[in-house]
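Look for subunit A in each of the two complexes below; its partner is subunit B in the first and subunit C in the second.
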Partner chain A sequence: MSPNDPVPAPPGPKFRPSTGPLLRSELAIMFRRRRTWAMLLALAAIPVLIAIAVKLESKDNHGSGPAFLDRITQNGLFVVLTAMVLCVPVFLPLTVGVAAGDTIAGEANMGTLRYLLAAPAGRFRLLAVKYLGAAAFCAAATAAVVLAGTIVGLILFPVGPVPLLSGTTVNGWEAEGRILMVGAYVVLSLLGFAAIGLFISTLTDMPVGAMAATVVMAIASQVLGALPQLSWLHPWLFTHYWMGFADLLRDPIVWGSFGSNALLQLGYIAVFGALAYGRFATKDVLS
Partner chain B sequence: MSRRWVRWMPAAAMPAVVAGIVLAAPLKAAAPPELPAKTAAQLLDMVAASHATAFSGTVNQTVDLGLPQLPDGAMGSGESSGSPSAGVAPSAGSGGGSSDSSNVLSPANIASLVSALTTPHTARVYVAGATKVRIQVLDRLAERDFIRNGDIAWSYDSASDAVNRWELPQKTAATEPAPEAPVQTPADLAAKLLKNVDPSTQVAVGDNTRVAGRDAYVLDLTPRVSGTLVGRISVAVDAETGLALKFTVESRQSGRTAFEVGFSQISLQAPAASVFAFTPPAGATVTQHSLPAKPAATGPHATTPDGTGPSAEPPNTAKPGITGTGWAAIVESPAGTVPASLAANPALGMLLHQVSGGQALETTLFSILVTPDGRALAGAVPLASLQAAAATK
Partner chain C sequence: MSIPGPAAPSGPAIETRGLTKTFGAQTAVGNLDLSVPAGSVFGFLGPNGSGKTTTIRMLLGLITASSGEASVLGREMPARLDSVLPRVGTLVEGPAFYPFLSGRANLARLDSADRHASPSTRKSRVQVALERVGLEAAARKKVKAYSLGMKQRLGLANALLQPRELLILDEPTNGLDPQGTREVRSLVQSLAAGGTTIFVSSHLLAEVEQICTHAAIMRNGSLVAQGTLGELRAGGRARATVLTPDAGAALAVLSHLGLVPDTGHPVPGPSGAQHLNAWLPEVAAPEPEEIVAALVSARVRVRGFSVDAESLENRFVELTGSGFNVAQ
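Presenting the complex of A and B:
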């Protein structure tokens, strides 16, 4: 089956009017799936579990455990930050890998890709809509952690002025603002990874394989990032700035990692988006 | 079939575009700036008379001493347990032939010393005059702050939530700007080094360069003696203000940069006064120190920071013996200053190895020898020189 959109559109956010309904139906399908909600609930459970564990076992152990853990008893807002430290390297890539790996391969596996392409949407726009859907999941996943963490922190622990990493104390509202910025940073960090997942998803008709391969990419990238012998490679790994969200908790804020992270993720979106387009536009869709 | 190739075009073009942007950026900055020619003596005067006393910026410190590198985080809490300031002392003090070897080996500092010797650091620096300094060492998910505001100095470690407070004696402009700070600005290092330039050092002007977007002259200092591991020290001097922007130590042994501190970004605007105001956060543990006034007559190195805190300084480490002069000087602490348990420390055990005459730390820039009777010898010299010096006693 030969693709029938006239000229290959350059990758980038270029939408014709009919993209809106397509995106809306994509999001509706995704957020109606039980799997999506199961993943969001699992993510929301992480800050809740942390908070309950700290509440039950609230002896003072300074400096042990993941970063920010020992601060929770003093201030509930640290629940979100502790959860982020745990979620960013493991749980968020796991769930985003499932969502991104499923984008094309899932449709192909269910035999619905044919019908999607029969609609006059064009392959580029279908790919763009699928990527936006994966990006929306990144945002929803991060929001689940932030929301659940904030709520459980407010319920179980006192909330007041928050000491930043630099030792400056800010009031609770500004701290919550910083936490929202951390959330935005984490969503941004995941976008390049979602583009990799999209590309892998165009390679196969087996969604499970695409999901696994995508998650493995995140793990492999972090392993490479931990080896000092490969320090020349580190700035190019998409996971390099993942933990840089702490720079938003300094006073004054270090914006450098935010900017570098944005550029890096943009590069990954451009390269893997183009690769995904090349693969998907030339793919023989049989199912 | 050609349609297929057209559709793959973006996939081929996009990596090329990204690579082009990445490669073009450094090329633009590569051309050395044209600056009016200056002699080495003029440059030395320029640094000494530098009028840039208020600035802020980001400093990167990289270390490549030929030591085994450890995965990030392998040192765990080591980053937070004290001051690795002594880690840079052998290179910083080598021009004057003195370094606090005894303090390098104080057990409390070993983990952080190991971290300082093997991992790079990024810090933000704020300076407003000689008595207002703030250094923020940006660690992963943590931060260490070193603040001096007039007669009061603070350090804050976010990982352990610990605050140290020092009351500095009056008129301490000559002492360390911020006690125990593990990262020093290129300006501090250059000032220490250039104060001690003597005929054993050849001073020359290198190729102009650009550091942090500013045009800079380069001063090359090369030891004339052969017994040292230091190959060359380069100081990039801001063409406009005379501020040292980058400080690079090259090893003679490896021929590569072994230690570098430089600005990656700098602003010559005076930082806001609020930057230097520090209030310990609620819940932090605050430790008080007071720094006794030191007689100024004992030379510039009397003010070298002491890793254990000067008030806790044992009397027998106050005067380490110095053999040799200039670049090849060897500092020796008396017998018994190094506890026998030291070698059993697992963090240090990764760096120390058994040699004839004791245990040694060998780097491409300096060596440290700990003898069985508890003496410590250190210097910017090959290990063999230390062994020879240890054997003559």
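Presenting the complex of A and C:
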């Protein structure tokens, strides 16, 4: 190539430019980090701890403790549901807040953001890949609870036909299907929250700050959701339908909260995705 | 790969017109008119804080200029960023990597960010880049175990993942030992011989003097000089040095000839003599032999005499004023 040659170097074999490699690389990095596995293991430990505690102390304590807790001894599949009642308001937002808050701020803090953008990754593409990575973490985090809960439930407790909340009974396979639907519901519930984390992550170069702020949002939203004086606000809070997964355990299934939740989460993704892009597209990358 | 629009002209590799960046009330870069000829090795000199890295960040579209225009490889930046940056290799403000990944995995990661980089040749391109900077032995090690010099080499490897038309290297020898510095120098020279334009920023003049064909000097966010190294040197004045015990008479003669005595720091010489310095006038400067003849005929005992062109280093310090102090 002579210095005056205006033609760029021809690429090697023909291929279509695609975002696939960057997305694969994003997922590979996330699931190669020890931090990710530490969080997933901590989540998986929750149903295990619940199951062991119930097994060791299986006295008659109907009605006390988290929902579904008293049913575990009768059916192991309730381990997952009890764990979800604990994980959805606290432990899942905590871990998803870490993953989503780290997306852009973490790269900025390491200095790799400038090299990704100079590659050039493209700001919109990078943001989209980062969001998909955070969404993948939401799925992995929920899967960790469902998987660990199912396994430990099968090992420690009898499994058989499951009485649903409406009183009818379904067989074990259908019950496991319902549990997978609960998992899908929980993943969906976290997507709007992940978009909030992505936006907060574009505001700072300090990942710890972005993570903390994201987690605080989840807590604040649930506190507001608990104040009856603010009932007009409740349908707009992204945490409003978080505990609505119980509707999937009725017969026939009540899809209302699933649909409202999906719509609400999509709205949050659109609004905070747009805010994140608006901020990131014009951000001066000085890290 | 065909890029729509007119073919890039073979003009300057980098050109800026009135490029300005302000942060609040502070002007980091003011009204910069830079022209980097294609095929040159261009030294971008200036003390720390003089706006070099800010300029580079604007050229790469990492930050938005407050006003002015920039074009890289003949295309407007940052509007044509997507078609320009794949042809530009960069090292910006030091290397930065994922500490928990190996050197090789880091390069693959950054390469995958460019969607025009072929995934099928990625492995071999990463390998070639690692060999080129002498890191193949440490390629499997995690970057958190790398020394600063190794990170710097990995940063250079990242800039070389693809054949580039332009390399923008910000302080490339920072943290390298003398051997590494020499290797970078010869790497730059071999790349330049292959036709790559190289834009290298530095606060070390000696480095620029050894590898560059052109240079620009920054001071407090403004360009104070640019051109070939020859042109920059020619902009400096020559200085006469006289070793004599008759200081008073000698100074009178020198002043009479139009020289400007530099009485700032007289250096005592042997047996009562003194080194006197005087700047030659920029126009109609007397020849050195005329000065000696005039001194001798005034009965000045001349024990030593020389006329030296100003070193580029003096010129640099003179232009940047602050020398190597951090600019405010």
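The rule is short, and it goes like this: the second predicted complex is superposed on the first by the 270 of 287 C-alpha atoms of A that agree within 3 Å, B and C clash if a C-alpha of one lies under 4 Å from a C-alpha of the other, contacts with A are read in each partner's own complex, and residues count from 1 in each chain.
The working rule: a contact is a pair of C-beta atoms (placed from the backbone, for glycine too) under 8 Å apart; a residue touches a chain by one contact, two chains touch by 3 or more.
Not measured: the values here are computed from a predicted model.
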Which superposed partner A:Thr169 touches (first subunit B, second subunit C, both, neither): first
Which of subunit B and subunit C A:Asp247 touches, first, second, both or neither: first
First (subunit B), second (subunit C), both or neither touched by A:Pro228: first
First, second, both or neither for A:Gly278, with subunit B first and subunit C second: first
Contact residues of subunit A, present in both the subunit B and the subunit C interface: 2-3, 8, 10-11, 282
Of all residues in subunit C, those that touch subunit A in their complex: 1, 3, 7-10, 38-39, 57, 60-64, 74, 81-82, 85-88, 90, 92-101, 108-122, 158, 162-163, 165, 194-197
Subunit A residues touching subunit C - in the complex, by the definition given at the top: 1-13, 15, 17-19, 21-22, 24-25, 29, 32-34, 110-112, 114-122, 125-126, 282, 284-286
List of subunit A residues in touch with subunit B within their complex: 2-3, 8, 10-11, 62-63, 67-68, 70-71, 74, 85, 161, 163, 165-169, 225-229, 243, 246-247, 250, 254, 256, 267, 270-271, 273-275, 277-279, 281-282
Subunit A contact footprint on subunit B (complex, rising order): 3-4, 6-15, 17-18, 58, 69-73, 77, 80, 118-119, 124, 136, 138, 140-143, 145, 156, 158-161, 163, 265, 278-284
